[in-house]
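Each chain gets a letter, A, B, C, D and E, in the order it is written, and its residues are counted from 1.
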Amino acid sequence: MSRLEELKTRIKEALPGLECVIGWQKGYDPLHNTPLFMRTDADVDKLEWGPLNVHNPAVYLPTFTGKKVGVVVKGCDSRSVVELLQENLINRDNVVIFGMPCTGVIDLSKVKARLAGAGVSAGTVTAVTDDGKTVSVTAGGQTTAMPLAEVRADKCGRCQFPNAVLADAYVGDPIAPAAPAAAADADLAALDAMSVPERMAFWRYHMERCIRCYACRNACPMCVCRDHCIAQSREPHWLTQDDTATEKLMFQVVHALHLAGRCTECGECQRACPMDIPVLALKKHLNRTIRDLFDYQAGVDPQAIPPLLQFKLEEDNIKERSW
Amino acid sequence: MQTINLTRDYDGDFVHRVEEESGQNVSLCYQCGNCTAGCPYTFAYDIPVSQIMRLVQAGQKKTVLSSKSIWLCATCESCTTRCPNQIDVACVMDVLRHMARREGLAAVPQVKTFWDSFLDSVKAHGRVFELGLTVNYVMRTGRFWTDLDLGPKIFPKGKLSLKPHEIAGKEHVARIFERFERESNS
Amino acid sequence: MSEAIAYYPGCSGLGTSKEYDASTRAVCRTLGLDLVDIPDWSCCGSTPAHTKDHVLSAALSARNLQLVSGMGIASAATPCPSCLTNLRTANHRMEAPAMAEKVNKLLDAPYAGGVEAISVLQALVEKVGLDEIKAAVRTPLTGLKVACYYGCIMNRPPELMAFDDCENPMAMDNVLSAMGATVVPFPLKVECCGASYGIPRQDIVARLTGKLLDVAKSVGADMVAVACPLCQMNLDLRQGQVNRALGTNFRIPVPYFTQLMGVALNVADEELGFGQLCIDPRPVLNKALSGADAQAKGA
Amino acid sequence: MPVLTGKELRIVGFLCNWCSYGGADTAGVGRFGQPTDLRIIRVPCSGRIDPLFIAKTLINGADGVLVSGCHPRDCHYAEGNFYARRRLEVLKRFLPILGIDPGRFDYTWVSASEGQRWQKVVTVFTEQIHALGPAPRFDAVSADMLAKAAAGALGQGGNRVAA
Amino acid sequence: MRIGVFICHCGSNIEGTVDTATVAKASLDFPEVVYATDTMYACSEPGQDGIIQAIKDKNLTGVVVASCTPRMHEPTFRRAVERAGLNRYMFEMANIREHVSWIGKDREANTNKSVDLVRIAIEKLRRDAPLSPSKFSINKRVMVIGGGVAGIQAALDCADGGLQVVLVERESSIGGKMAKLDKTFPTVDCSSCILGPKMVDVAQHENITLHAYSEVDAIGGYVGNFQVQVKKKATYVDWTLCTGCGACMEKCPSKKNPDRFNEKIGPCTSINIPFPQAIPKKAVIDPTTCRQFVKGKCGVCAKVCPTGAIKYDMADEIVTEDVGAIVAATGYDLFDISKVTEYGGGRYPDVITGLQYERLLSASGPTGGHIKRPSDGKEPKNVVFIQCVGSRDKSLDRPYCSGFCCMYTAKQAILTKDHIPDSQSYVFYMDIRSPGKMYDEFTRRAMEEYGARYIRGRVAMVYPKDGKMIVRGADTLAGTQVEVEADLVVLAAGAEAAVGAPKLAEKLRISYDKYGFFMESHPKLKPVETNTAGVYLAGSCQGPKDIPQSVGQGSAAAAKVLALFSKDMLESDPQISRVDIKRCVGCGKCIITCPFKAIKEVEFRGQKKAEVIETVCQGCGLCTSTCPQGAIQLSHFTDNQILAEVNALCQS
């Protein structure tokens, strides 16, 4: 029995006690998998596993408050589940976690760029196969082999959690994490390389492109305010609805600071952005700061208290200025 | 005893210089006297160290720099160690000597001469030549009786070398002195 | 057993304190502490330099620290507290970049920091350790009553010296206790002996050293162990001057603690240089040891 | 009425009521002269200061923001300033990645009795902001820089400031 | 909204460097402002009347006063607008005196800055809402923590006022430091003679419950309704049976233990009653020295006890006390003299603390009131007193003055002469601090009548020589070094915060300073209040105090408790946080961070929500800056109010 089949069996066993189990299924074309909400054995048979499972299913968990649900997770998704548990946003008794080792998911924009390079449109994809190392995309009658290492999401290249950090049912043997990332991530390194005024120009340029669709927020598993996001409220009234780069940047600052010490860097915000704005870099920068200051990483320990919700009488790494 | 006119005789520049060169805030001193209490040299001083501190606070440059005390301090650090206000008193005394030298003052000339002889010896040989230093000191002060009694005790022990321990890099050491003199004069 | 330590004997080690230098080398060798000579070291500047100028003083010391740095060794030990203070002060003052720049201007080769200066006593206690020292004892100094006199600047000021208690240091007490000696509590462990005023102001030394000898005698010490060449000279060589000035008749041997360690560690007598002290401690030492011996046999 | 052009810059202070606001009062009672640029917003506790207030103030064009609370352990509310310290330090390190000079924001602790310390803090901080000059405005980035951003040509030159 | 703006001249205090008329005129341009004027003294009676009249004449619904700091007159003006019929929270102040006119001389800049400050006050006012306090009931019992003289006084005054009092004492007897003193200054009357009756009153008062040998373990609740868990430590003696007869102490074979009551200069038995006047007079076994515990066999006390009170298997017990107010009176401890190595305290037996000297002076002490030095039991002739040991010393991190040492040293010098007429006392001091009634006269008597020789200067070192303690100090007035050959050296060890004080402060949720002394609410005007409602301070836990000051504070704290309990219901400050239940997602971040445990989780239509306990919330607003969705807002300092201030400043 393949691992996927075994996983399906395990889900079917658990399904009677659950409202549903969240996973992935084939989407509107072979290149896109979409979320799947399994309520029957037939639904479970639609479950997919592989590099097209880009979505983070943890984002749906808080919407099921009060109901017992299952969720299939990649390693990165499991950190979001842990963070939700840690923040009391879901109840451990009400969630069953299914995990399998993950070797990485694709970055659709990289795949599309490859296809464009081969002179075919992503809209014409007819088949996608993968063998764990290579993704082969057939489009316009022509098959392009793409080494996974080259088209996978950046986060997968430096993934330290390929296995679920927390799982009730785990299928397959845990695999070793990627070699520790060498230098800073490329996006962060690029920002680091800029002067402070250049960074202002950078964000101004990108914010002018922002269409204020809030896809970044909606995709974020930690954005639990949902209908009560302060970006769209008058009580409190943090942002106007003016279509200015300043207001849009302020929204990104709100999102980033609300995630400080909580973001697991699943990258859904940036993946979801229709304008390819590198919004994840802000969160990465904050995560680096949080690590430097508090030696803390979100979504690893369900018992931990997030660093900004606690303090030490004497902080080890905060050196205050003297006047 | 003279009357000090606190407005006219206060040399603020002097106070400032002492603080700057020593890195100490002399207004921290609240005159508890602990430095004087512990100082082994108080009996030999003309002005006890706590009063030196007081006079520095009061900007009495001339009195301080012409005192004998500043030349009799051996930097034994008892004042610095015990000051409740953590003032490095020994460093202040050091700085006062530096300033006195610049003013051409040395109220205990034989101490200054001894130190100068010592440094001359280091400058010449790279290390101190103990016998040469003593002879040099005696020649400069004319105090021919200095430690004559010790000669018979120490020479037979074979410890006092009759010639200096010249080091290979003695010019390096000499250059330190030369550069120092150049820097101080510039 | 331990990493090599650069060894800075200080000028007096070549002259008035030859026996301190020799016994230090012999004791360290016996205990496996590897002292490496610093090639062509020069004078630290001692008191005369810092009374003249702090930059000059730091430069004279820094030249030697720089030499150690060139040897690829991170710490230097010196038997002389005056050298120690100067070396440590230079390090401390040169932490300020402005000072470092001024000092380096005077040097042929700039010193970039990174060499720690410690006393031979500290090296013995921290790099060898009391347990090992104790284990190496061959002839315990049983019956010898000794007062430990550290001198004024071995541990002061505490922020700079960063070793042992500044008012009641115990390192030498512990070492000589480990040698089997009876260390008598000596309350003036850190009182100044008169330092280098022996030449320009003999009267000062007579008074201060006299007090030390008086208290040492009153606490019943057979001898006063010292760790400083200047202290040794004042207490031993000038003991006669003290007696004349104060009308006393002290005759207290004043050996270096390393010499006493040498006896306990069975270092050859020639290497300990007792003969170079004015008051030879050996008669008192032998009497104490044989007394204890007799007692042991009697018991 | 705007800030006095050429004379003042726009500096906003967030002060806790119990310590620092009192410290500023003490400085006033002592007639400790200070630059006039700072405008103080009173809040009950430094823990009340959401870092977003500061980000918003800076993004919307203030030239500097100064936060001051009770000294650690002296918080009127026991713990508010401990949380504030963490959040404000995170913010301080975050600002440069947005293109805001970190020197435009500082936080400190001044007690109600420390009038002189307050005078010093205000003076030093105001001088610091004047040394930095008027803040570059997000809505006034030069066309030249925007073109470089569009071309992905930023970060090629020198003048780098570590984030 | 109809806003009125009043710009105060404060005589020339403001008008001198601010053009108030221009500020008033500029205010009229701001939104919703219908009236603006300058006024000579806004806080004066005519000034307040002017505001009230304007509210009525112009139908104002909100008022801004630009004048001094709100820390000064906000309550004054709130009462004024309330008299005119407005809600007191429909009022804001702009501080144009302390923050403007007094710190800058540039009239143009000051005027301009004042306009800005008025503007942000207006923007905040526009978002103010009327607030009113709510009422809740109170439990009229009070707990006093600490049974020293301050705690005893507070307990007796409360009990005499008809309140039920729970007194908790860490040691096995109340009495505190005062019980250890021989005589008291400046009257030289016997300490136990004046304290003893008060201690007996505590024991006999029908309104006082005493938990001795007990400590506060945990505290929950809020003003009017605290729940305190008290740990009654195991005494291994059933106190309901113990009669305090002392038979056990006579027979106990372990007799050489350092006696803590005697400051360790005398021995005591393992089963012990600390002193004859102890309240309660009950025995306690120290299991660290008792042979039954250490060696597993002995049992002598159990055999001799006539009432069978010995219980070797006793365990700690927790009792919960419900009270409405708490008085902390936990006192002080002494600076550890062994930290001053140069004086040899702890190394030389004849260098002792002032409190140890009290025990040597006391007739109930280990020497029966005869001064005998610890080393050889000889009567000292030359006694040296050194003041400021662990006080006024930055190098020891004790920069403060301990306040009472000058006086007790003078007293001890006098008593030394009384005990040993041919003795000579020497007192090394830096300054004599004696500002109480009859205090300075007392120190003069020590010198003038008792011949104590006062030497102004610190002591550098103390060392033994030939049976004497050589004290080397300075006489800074003579400008010399001095030495005294002393027989005994008494160090006036400074006062420091009691061991464990910061821990108790955290349980009480009150602040403490860097030395561990508890913080009062206001250094001048609220000396016994704390920032936690219902918690009061008495005595040296707040800072070093002598007996009259401690007793005064005990009574003051009692008065505060009686005033608090004089009402049947309490009003809560309405400037507290409120939860918008629609926005709350029940994540509990506010619950984790609230320093006062003032937020609890509740179920609302099957969903978790946060709820503020109005009486516990102190209004810090930490929750508001913690909540990502802005669901919990601090009234009067809402996000929108602060944002409006920010926007006003950034737009102008």
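As a working rule, a residue touches a chain if its C-beta (ideal position, glycine included) is under 8 Å from a C-beta of that chain, and two chains touch if they have at least 3 such contacts.
Bear in mind that the values here come from a model prediction, so they are computed numbers and not experimental data.
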{"item": "Third chains touching both chain C and chain B", "value": "E"}
{"item": "Pair with more cross-chain C-beta pairs in contact, given C-E and A-E", "value": "A-E"}
{"item": "Most distant chain from chain C, judged by the mean position of its C-alpha atoms", "value": "A"}
{"item": "Interchain centroid distance [CA atoms averaged], chain A/chain B, Å", "value": "71"}
{"item": "Between chain B and chain D, centroid-to-centroid distance (C-alpha), Å", "value": "49"}
{"item": "Between chain D and chain C, distance of the C-alpha-averaged centres to the nearest whole Å", "value": "55"}
{"item": "Per-residue multi-chain contacts in chain B, two or more chains", "value": "43, 78"}
{"item": "Residue numbers of chain E (touch at least two other chains)", "value": "342, 461, 593, 626, 639, 643"}
{"item": "Multi-partner residues of chain A (at least 2 other chains)", "value": "238, 309"}
{"item": "All pairs of touching chains, each written as two labels joined by a dash", "value": "A-D, A-E, B-C, B-E, C-E, D-E"}
{"item": "Contacting residues of chain B [partner chain C, same complex]", "value": "40-41, 43-44, 72, 74-78, 80-81, 88, 90, 94, 97-98, 101, 108, 110-111, 113-116, 118-119, 122, 126-128, 130-131, 134, 137, 146-147, 149-150, 153-154, 157-161, 165, 167-170, 172-173, 175-177, 179-180, 183-184"}
{"item": "Contact footprint of chain A on chain D as seen in their complex", "value": "51-52, 55-56, 59-60, 72-73, 79, 82-83, 85-87, 89-91, 93-94, 96-101, 106-109, 117, 120-121, 124, 136, 138-139, 141-142, 145-146, 148-150, 154-157, 159-163"}
{"item": "Residues of chain A touching chain E in the complex", "value": "62, 65-66, 87-89, 224-226, 228-230, 233, 235-238, 258, 305, 309-310"}
{"item": "Chain B - residues contacting chain E, complex", "value": "28, 30-39, 42-43, 47-48, 50-51, 78, 82-86"}
{"item": "Of chain E, residues touching chain D in the complex", "value": "26, 69-72, 95, 97-100, 102-106, 108-110, 112-113, 115-117, 120, 506, 509-514, 519, 523, 531, 575, 593, 595-596, 618-622, 624-626, 634, 637, 639, 642-643, 645-647, 649-652"}
